[in-house]
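Pasting a structure below so you can have a look.
Order as written gives the chain letters A, B, C and D; numbering starts at 1 within each chain.
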Amino acid sequence: MSKGLKVAVIGGGSSYTPELVEGFIRYYHDLPIRELWLVDIEEGLHKLNIVGELAKRMVKASGLPITIHLTTNRREAIKDADYVSTQMRVGMLEVRSVDERIPLQYGVIGQETTGPGGMMKALRTIPVLLEICRDIEELAPQAWLLNFTNPAGMVTEAIHKYSKVRSIGLCNAPIGLIKWLTAHYQVEADRIYAEFVGLNHLHWVTRIDVDGQPKLTELLEQREQYAAANVPQQGWDADFLLSLQALPSYYLKYFYMTPQMLQDQLLSFENEGSRAQVVQQVEQELFQLYRDPELKEKPKQLEQRGGAYYSEAAVNLMRSLHNGTGDIQTLNVPNRGTIDFLPHDACIEVNCIVTQNGPLPIQLSTVPEPIKGLMHAVKTYEQLTIQAAMTGDRQVALQAMVHHPLVPSIAIAKDMLDEMLEANRAYLPLFFQKENIAVAETI
Amino acid sequence: MSKGLKVAVIGGGSSYTPELVEGFIRYYHDLPIRELWLVDIEEGLHKLNIVGELAKRMVKASGLPITIHLTTNRREAIKDADYVSTQMRVGMLEVRSVDERIPLQYGVIGQETTGPGGMMKALRTIPVLLEICRDIEELAPQAWLLNFTNPAGMVTEAIHKYSKVRSIGLCNAPIGLIKWLTAHYQVEADRIYAEFVGLNHLHWVTRIDVDGQPKLTELLEQREQYAAANVPQQGWDADFLLSLQALPSYYLKYFYMTPQMLQDQLLSFENEGSRAQVVQQVEQELFQLYRDPELKEKPKQLEQRGGAYYSEAAVNLMRSLHNGTGDIQTLNVPNRGTIDFLPHDACIEVNCIVTQNGPLPIQLSTVPEPIKGLMHAVKTYEQLTIQAAMTGDRQVALQAMVHHPLVPSIAIAKDMLDEMLEANRAYLPLFFQKENIAVAETI
Amino acid sequence: MSKGLKVAVIGGGSSYTPELVEGFIRYYHDLPIRELWLVDIEEGLHKLNIVGELAKRMVKASGLPITIHLTTNRREAIKDADYVSTQMRVGMLEVRSVDERIPLQYGVIGQETTGPGGMMKALRTIPVLLEICRDIEELAPQAWLLNFTNPAGMVTEAIHKYSKVRSIGLCNAPIGLIKWLTAHYQVEADRIYAEFVGLNHLHWVTRIDVDGQPKLTELLEQREQYAAANVPQQGWDADFLLSLQALPSYYLKYFYMTPQMLQDQLLSFENEGSRAQVVQQVEQELFQLYRDPELKEKPKQLEQRGGAYYSEAAVNLMRSLHNGTGDIQTLNVPNRGTIDFLPHDACIEVNCIVTQNGPLPIQLSTVPEPIKGLMHAVKTYEQLTIQAAMTGDRQVALQAMVHHPLVPSIAIAKDMLDEMLEANRAYLPLFFQKENIAVAETI
Amino acid sequence: MSKGLKVAVIGGGSSYTPELVEGFIRYYHDLPIRELWLVDIEEGLHKLNIVGELAKRMVKASGLPITIHLTTNRREAIKDADYVSTQMRVGMLEVRSVDERIPLQYGVIGQETTGPGGMMKALRTIPVLLEICRDIEELAPQAWLLNFTNPAGMVTEAIHKYSKVRSIGLCNAPIGLIKWLTAHYQVEADRIYAEFVGLNHLHWVTRIDVDGQPKLTELLEQREQYAAANVPQQGWDADFLLSLQALPSYYLKYFYMTPQMLQDQLLSFENEGSRAQVVQQVEQELFQLYRDPELKEKPKQLEQRGGAYYSEAAVNLMRSLHNGTGDIQTLNVPNRGTIDFLPHDACIEVNCIVTQNGPLPIQLSTVPEPIKGLMHAVKTYEQLTIQAAMTGDRQVALQAMVHHPLVPSIAIAKDMLDEMLEANRAYLPLFFQKENIAVAETI
């Protein structure tokens, strides 16, 4: 087995890990993993041990020669890894709760992957991911970094702009749609071509062929709904979708149905607290299950957590990179001319063929006129946010927030930014550095 | 005088006409007009006669050999014209009032040049302008069409896309800024370089040099305000402008300060009625003055009407086209690569040198990152609106309205669109054609 | 069998046809052809009958339910076809001989797919192909037109610009390289990724991965030669290729080794006559063989004809279109941004995935700086040639010829153009139309 | 006078200097120069003193308060300069002679600004100019560097890519055409709009308006010739120009009439030696004149030297930069999208308006299709040459030479490159550095 692969999972103590381990076991013949390193920080050690022991029991039950390593030593885990995967959450669910709550107080959507909430998550996460990249550049320069950490599009773009690490951003939404289509049409995935255009959590599906026959209009006419467990459900207007000739990502409801979504968030917040708090509850229950020494497989309840097909997306990509299969996957990659009006170095979410040297985007059949402006507006916000994350420049952060399509005015942006930065202070050293230094000097 | 110029003014009965006539008189030596044709429709004949007689008195007082023709025969006016200028309002102020009122009922900005109101104005106006273009193509193919009719950017883009007429869009806002700067710095206009980037009523000034010295930062730091009489005044946030390094058009307040502007509109609507109603009042007073047979010059009160420097902008452009002066003016012209992320055939508002063969845009020193998305979003709406205006396609109109940054949701867009199209029914034959045909068939 | 496919082959009397028939037989399970229509013009009827009878014997021997139709009625053949393939030669080999000879007299490369010879072939062929397209638009609008007719890049671009037919250009050179690589590395084709960039007969291979490992440098260092039977062999300079980091198409020797190639052509012309004459000899021998009523398979000697793997390329593409396999093929398709400095509607030769709705180009890993200018220069010539072919405009033809990189001066271009147009007079009605009309009028 | 300007002229000992001084005197009121520093290297000190004394006599005769400084201390001259101008020749005329001779031996055009000769001049000159830029960055960071040093396009592009110096490239050819037009049409220059598109020494004039009336076709039809003293005269083919609808730069004859130009060069070389040798003779005669202590003005004979209007171009640009006149000049500037198929950072020669912050290119009315490929091919060579000049990489130099449109084959390029690099060894330290180091190590 000396030629097997080494995989490091940053944030290995996540409740998602059993799903990933299940995938590694199932596809072992295509992806012969020798060592799986689950890494977490000190604060997460308790969870890491629980989920790690479950992982060990799962592997043992499979009879495969995979060794599981649990560690807080990130550098040791990364050294000579073939694949590094990230599933971490800087500041954990506690601060997510804050990001979701504050915007609501200003009458603005509170969401952890876009809007003011997504911006804060990006500001917290990007510098940490870049530190990980420094380790990879040094200890495993040939490794592929699979980034699931949200906001995955911005994080991946930052990695491409500011490091030499070979990185690909992933989301479970595209594979989720494919799964739904395979069930709906009762065909294998390789008989479906669904064309995605846009950004992470801001894509539109503009073409669905089954066995080469166009099915998009039919689907939209059936007014069928594609539901996702982790987004409040609101019906799309079928007339609008038909004239758009596209099926939007469910996250686009935040932009296309803002007042209803806001209303839902406020109600839901009143009844259940923030989404973060709901997830915390689910997590506690999951870890309760994971503790059971008789449990040797992924428990069914994990599927309620929201990350359906997450492991399948990750394992699929590793398999294709490893074997150079040239199959088609929907990934977050640098634009390089694929969407002609976005910057060359912008990260976009589109179909790619996967070679051993990485993904190559496939030309888009069409980009509907109506979506161009919104796509560009959100990309503008993303690029400014990345710049702010790398520099700690509050003025750039203000520009990012003002120009986000969900933020109604400069005045609201200023107040909300101040309050949210303050609430995130512990996780934003670059933004509060000067003050700290000043304090240090005066003492 | 056989070599003098022929100018036709469509909408010649407008209260603005005395301003234009004043300009023609003042710059006669550079722009030797022989015939000035003021054209209007039957419904405007009364006003045309009043303002036309004033124009004749003004010319007579000047002693210049300009003849004034008043007519409802558009084709006669256009025939062999050197310049055609438009200052018309399809549906007149009555329907403007509707366009400003309905959006407010949905909690949306009601404005005649952008948002749902601007969209309706475009739908009404573009087909009429294109009819005028058909006449020009036939009767005066070498004429220049100077288009002041709002929304001037969309109208000019439609003319470029769907006719062969040589046309330039104009707005008085850029010349207004230059005038303000000349007063502020006590220098001639030719010692100032103010760089405009953006669209009509959606531009940003990104560079102001006086005698070659950069003055933009200084101006923004002084937190000086540039006030325009026809827009409710709200203070810009100086911190925001400084970090943006740009002075936005006052119309950008609708986007950057939406809640305050909406609040103001609602208040003002309650107190004074719509802006249209206010203007109607001003107009009535003006025409009262124009009637005075002793009046032989533009009355001071016209300046309150809002179109300051309008005549100067028009006459300046005609003079430069006529003489090929190669001077710099801020105009609405096809993009052709000047703003790299917008379509080649999009109409933009930028600095140009004016040759006898028309304006040639000057390369932009900079396009600030933060403004790209918003500019593209509004251009998307504009392009869809133009397409809807040319086809009467209600679905395209829906896409335009949904994707306007000031419209909060599909649901609101649908209702508002239906109500506004209905209120504009008399002026939108393309949208209601099929119904009429259907009726005709059933009888 | 009512659901089988109908295929029409324009130029069915070609000596290549047995290769195509062999392919249809071999891959019948993936591409169930019911009817194969071989079409030719009256002048080619004799050859059509010979090769058609051989095709019938081949099918009969296979036992498959394919019916072969021989006809000069193109419209009957095209009606309701699923695939139309072209392998014709307007003016046949006689005029090819002229195209190859005249340039040599001016000290210029004489070649049927590029330079002055390729230009003449394009001028003759494009209008005829467009006529075929008119039939397809009318009689089989959903058909795919697979175009092998050289110059395949220009012909395909003309079809895309001037018709609505769904068309793809093909060349056997890319598949030839893949075949060579599979033999060299002893692996299946799907374990190789060879990236092609450029135009038809003007491509560079910039990446060769075998099982995901980069092999290009190694190959270039071995100074291995890739020989093609139908191009005079000249050794590439390995130092040059290594610093270019690309393997050029063998046709690029006409540009990179012009004096040697010209020398070879002159020598070879003296000894054997033109390439056309050599091919004529080979053809005669082939048809002698085809006549043998005992022959029921493609004779080995056909491989000397030069079109190795031609049938495999055609059948592969039809299979992938039919089944929507999503596999990767190197095809001639509209650029649409793939090569950023070429026009959107330029036809390029690059890797694509093949869906049932046609090929989608895959983003290029790299375009080496040194090749950009030459690629653009040849594309400029191609675009002007297409324009000349469609209009018969001699001035545009002159611009095309002057700007071809192999033509040394305006003076030579003028003389050569006049002589070559005259020699092609019978096949260039658009260029000599006015004269004919003039003649007609004077009689 | 304390507020007057400081100008440093690198290569101040050039025979052109009296022309420049004449210009400074004539336009003193618009460009109040206080100090003029003429700098040269030790080897040029003799000439510097001769021409410097003439300059002093000229200034004295004018009565203006300009002081002339003669120095070999470049840094002293540059310190706090407002304008730096370069008119130097690395390796002087001796090595130019070599560059013009060697290509002829290979049957290739020998010319000092394009082809293999231009390439060598670029390799010699660019590193020296960059050293000067290092001084300017340090000692006069606000200075404008006006670069006349050929190949001016490549040198200017290198400065923009590799330094922060504000630099503009100039050539006397555009002003020369304007002068010819003013004489031909008997109008002032500001009544002419001549649109240039292309690169330095590779431009096409695509529009000539006089008083706004198009004159290009008329000019081309008159088959008038525009002669330049320093290029062997060959008649353009008027039919070709008319169908091109452009007047090419006289340097384009090297590309469009290669065999004739080569023939002329060979003849002329046989009769008179290289152009360098002819110029050396002219220079000696000029310096003989300059020595005359009675001479107080530019001698008429200087005009035969070839750089007609050179001083006018330089002084015009300095005046416009100084005064921010916003007038139109044809300059070498970074492309930034003006020519859409060339790289953003490529240097191009187009019309600009001149502001105090530098030139802003004016959008092109048209770029004729036929010229795009050739323009791109030469730019490709230029970019590779710049890269070779900055790195001393012989492989990149080989790519540059092979891909120059005037070089017929790889084999010739390799031999010619080796011979020319060797002949330039003394001036190419970067190319021969490693050898030296290797030698040093083995001793």
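Criterion: a contact is a pair of C-beta atoms (placed from the backbone, for glycine too) under 8 Å apart; a residue touches a chain by one contact, two chains touch by 3 or more.
Model, not experiment: these values are computed from the prediction.
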Field: Common touching chains of chain D and chain B
entry: none
Message: For chain C versus chain D, what separation do you get between their C-alpha means, in angstrom?
response: 45
Message: Based only on mean CA positions, could you tell me how far chain A sits from chain C in angstrom?
response: 46
Message: Suppose each chain is reduced to the average of its Cα coordinates; what separation in Å results between chain B and chain C?
response: 54
Field: Chain-level touch network, classified as line, ring, star, complete or other
entry: ring
- prompt: Of all residues in chain B, which touch chain A in the complex?
  reply: 237, 239-240, 242-244, 256-260, 341-342, 369-374, 376-381, 383-384, 395-396, 398-400, 402-403, 405, 408-412, 414
Task: Would you mind writing out the residues of chain A in touch with chain C in their complex?
output: 190-191, 193, 207, 209, 211-214, 323-324, 326-328, 336-338, 340, 353, 355-357, 360-365
